[in-house]
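Next come two complexes, and both contain chain A; in the first it sits with chain B, in the second with chain C.
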Partner chain A sequence: MAAFWWLLQKDLVTEFRARQSWPTMVLLGGVIAMVFGLQLDGLTETRQALAGTMLWIATFFAAMTGLDRSFALERQDGCWECLRSYPISSTTLYLAKFASQALALALLQVVLTPLFIVLCHVAWQAPWWATLLVAALGNVCLAAVGTMIGALTSGMKHSGGLLVAVALPLTVPVLLAAADATRLMSAGQCDSAWWRWTNLLAVFAAIYLSAGAVLFEFVVED
Partner chain B sequence: MNAHAASPLRRSTLDVFCAMLLVAVFAAIFWLAPEEQTMGPVQRIMYVHVAVAWCGLLCSIATAGAGALYLWRRTLVSDHWAQAAAEWGFLCCGLTLATGSLWAHEAWGVWWTWEPRLTSMCVLWTINCGYLLVRANLDEPHRRARVAAVIAILGALDVPLVVMATRWFRGMHPESPSMEPAMLGVLALTAVGFTLFSVGIVARRRGQLERLSQLEIAEFEQPQ
Partner chain C sequence: MVSSRPALQAVDLSMRYSGRHVLRSVNFALAPGEIVALTGENGAGKTTLLRCLAWRTRPHTGDVYWHGEPAAHNGPGRAMVGLAAHETGLYPYLTARENLLFAARMHGLDQPSAKAAHWLSAAHMSACADQPAASLSKGTRQRLGLARALIHEPTILLLDEPFAGLDARSAAWLTDLLLNYRRQGRALCFSTHDLSVAHALGDRLIRLDRGCLQELPAHGARPSRAA
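Then we have the complex of A and B:
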């Protein structure tokens, strides 16, 4: 447990001091929000229906940019090799990396959600607990898959492109579920359909997180 | 001499058997299966569509299974099986989407619709693309095998979604279609025929990959 906190603290302190990944993520997410808002200006109904989808697409691409950058920096500075030589389990390493990515995504959504509401003029009628639940589950899924694939593709030629090419198909069911859940709850409809999408997100979060914890051992071998 | 390598005679017997099987399957589709009253001859696409979809799903499971076996045993033979199954699975999933599109145009009036089973199959096909893309970017055989195995296992999580899509989400695909016994017989024959054909093709490709791997090792070990 101490190793987990130490690794998480290392990632957070490094990011706080150098500010190399998170500002890029937030900037990219903001630009996507701006472009979508501009394109959908005047289309009131379409805007309301698509806001959830756009929010999750922006989150996904911003998250992948941040992940790619974060792993590239670790490789570049030789930190990855040092981490692997410490006597810590690969599961602890995965969970710490996952936690720092999930925190980065939470920060990203704290900025992006109000930005989308303002730029797309969305009437947000979702209860706070539903917003938190969908955001948390979606972020857990994206961070679990992203950390895994980010570590796999780091150090390869064209790692950025490969990360998106592999992670996007794996997270499509998650993005669809999160987008539909967001669309329904933003219209104030936290009904059975919304619960079904949320349940699907919870199932994927549990599966991806467990798979990541088990399989990360094979990812960090070399 | 490698114990897994099949003799040329065994290989050509397998090829002839596969070819005859395909001829028999297509003969059954065109001559044995009764014509459907509403759609006419176009309905015969369904036999191929279901069979290739089944093979695509089977190949995804086989790729993940062979990948898991590689992670456990660390022998490249498992990785060759995984790659062969993935390549054939990629083709089968692509054919499923193509034949499904032809069917959709005749039955529903559109080339493509975002129906749950179509969408999940399309996702599986893109996962296959990503898997092959990553493989193509790695040169070291054991690293390639390890990375590919992890992606294959994660990708196989989409298979239950494809299978259960019509039950879990509302869609246009029938859950359990009612058919005449003759049609069901031809469908079963096509599924069995395509499965055996797929096994033959994957085994053949696995042999090719193994010889290619031996060649790579021999080149690597040759003094400069």
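Then we have the complex of A and C:
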């Protein structure tokens, strides 16, 4: 357990000093929000209906960009290989990388969600707990898949494109569920339909996180 | 000081990259308290052999044993081995002290701060302990990388061209360190292109040629296949 915290601390300190992943994520997400908001200027209803979808698409691409940069930083000067040589379990390594990525996504959404609300003129009626729940479950899914695929593709050529190409099919159900849950709750409809999408997100989060923890050992092996 | 039971043993190691044989049925043993110098031309497979011995790269065939235990990616046996590769494994945005502290914590060592301070002092790096690794000179980073690889005091030490890029003072420091390790009964294998260093430090010299390992008896006798 101690190794998990030291790994997480190392990732956070490195990111705080290097500022290579998080600013890029926020910038990319912000640009997508601005472009979307300006393109649909005047189409208020369409914008409001699509705001949730665009928020999650922006989160996905920003997450993949951040992950790619984070693993690229880890690959510098043989650091990743040294990390694998320490007597720590692959599960611990996976969970630490997952946690740092999930934190980055949470930070990203703290910026992106208000930005989408303002640019899309959404009258946000969702209760705070529902907002937190959907955001947390969606972030867990994206971070769980992204961490595993990021580790797999990070040593390869064109790792960024590969990461998106492999992660996107796996996260399509998550993006659909999160987008619909966001659309419903932003209209204040935390009803049975919303619960269905949220439950689906929870199931995917549990599956992806468990699969990542178990399979990471094989992913990082030579 | 040399014991009969090998600290490290490789049996029938073979490795291929893109259809080319890099290692061909290599058999190799390293006794406790022994220093073996590994030589060979560029691309002969020295780095691959050292990585296989450290089980960083899994060979296509063959086995490696550390003190009689099969090598494994995870598990307590990993602590027996230290590999200092070309790449230092240092995080550029962490300071020298933080890099060593992180390595000590990952190895689960007692008193990691004291260990880090000890190695900073031993590597003559106390003055630049709180500088980011990225701001250190190449030679200093190399010393720090060696300290990182040795901080858990492994009993089997594998070094890939450790003298390359070191100035005279750093090379003398490393020589003293390796000889001290030999006195402590640790097993060492290092690769080098410098035959004078190989002769000066190595109890045995071996040469990797087209994937085959040859033992070089002292002073240029005709090479023979290593046992």
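The working rule: the second predicted complex is superposed on the first by the 221 of 222 C-alpha atoms of A that agree within 3 Å, B and C clash if a C-alpha of one lies under 4 Å from a C-alpha of the other, contacts with A are read in each partner's own complex, and residues count from 1 in each chain.
What we mean here is this: contacts are C-beta pairs under 8 Å (C-beta built on N, C-alpha and C of every residue); 3 or more make two chains touch, one makes a residue touch a chain.
Quick caveat, the model's predicted, so the values are computed rather than measured.
Trainee: Once the shared chain is lined up, is A:221 touching chain B (first), chain C (second), both, or neither of them?
Mentor: Both chain B and chain C are touched by A:221.
Trainee: Just chain B (first), just chain C (second), both, or neither: which does A:162 touch?
Mentor: first
Trainee: Per the contact definition in the header, classify A:111: touching chain B only (first), chain C only (second), both, or neither.
Mentor: neither
Trainee: With the two complexes superposed on chain A, say which partner A:148 touches: chain B (first), chain C (second), both, or neither.
Mentor: first
Trainee: Mind working out whether A:203 is in touch with chain B, chain C, both or neither, as first, second, both or neither?
Mentor: Once the two structures are laid over each other on A, A:203 reaches no partner at all.
Trainee: Identify the partner contact of A:103: answer first if only chain B is touched, second if only chain C is, both if each is, neither if none is.
Mentor: Neither chain B nor chain C is touched by A:103.
Trainee: Scan A:87 for contacts with chain B and chain C and give back first, second, both or neither.
Mentor: second
Trainee: Scan A:49 for contacts with chain B and chain C and give back first, second, both or neither.
Mentor: In the superposition, A:49 touches no partner, neither chain B nor chain C.
Trainee: Report for A:12: first if it touches chain B alone, second if chain C alone, otherwise both or neither.
Mentor: neither
Trainee: Go through chain A and flag every residue that touches chain B in one model and chain C in the other.
Mentor: The overlap between the chain B and chain C interfaces on chain A comprises residues 221-222.
Trainee: Once bound in the complex, which stretches of chain C touch chain A?
Mentor: 54, 56-58, 73-76, 78-79, 83, 85-94, 98, 102-103, 105-108, 132, 148
Trainee: Under the stated contact criterion, what part of chain B meets chain A in this complex?
Mentor: For chain B paired with chain A, touching residues are 71, 119-120, 123, 126-127, 129-131, 133-134, 137-138, 143, 146-147, 149-151, 153-155, 157-158, 161.
Trainee: In the complex, go through chain A and note every residue touching chain C.
Mentor: 2-3, 6-7, 10, 13-14, 17-18, 76-79, 81-90, 217, 221-222
Trainee: State the interface residues of chain A toward chain B in the complex, per the touch definition above.
Mentor: Residue list for chain A touching chain B: 145, 148-149, 152-153, 156-158, 162, 165-166, 168-170, 172-173, 176, 207-208, 211, 215, 218-219, 221-222.
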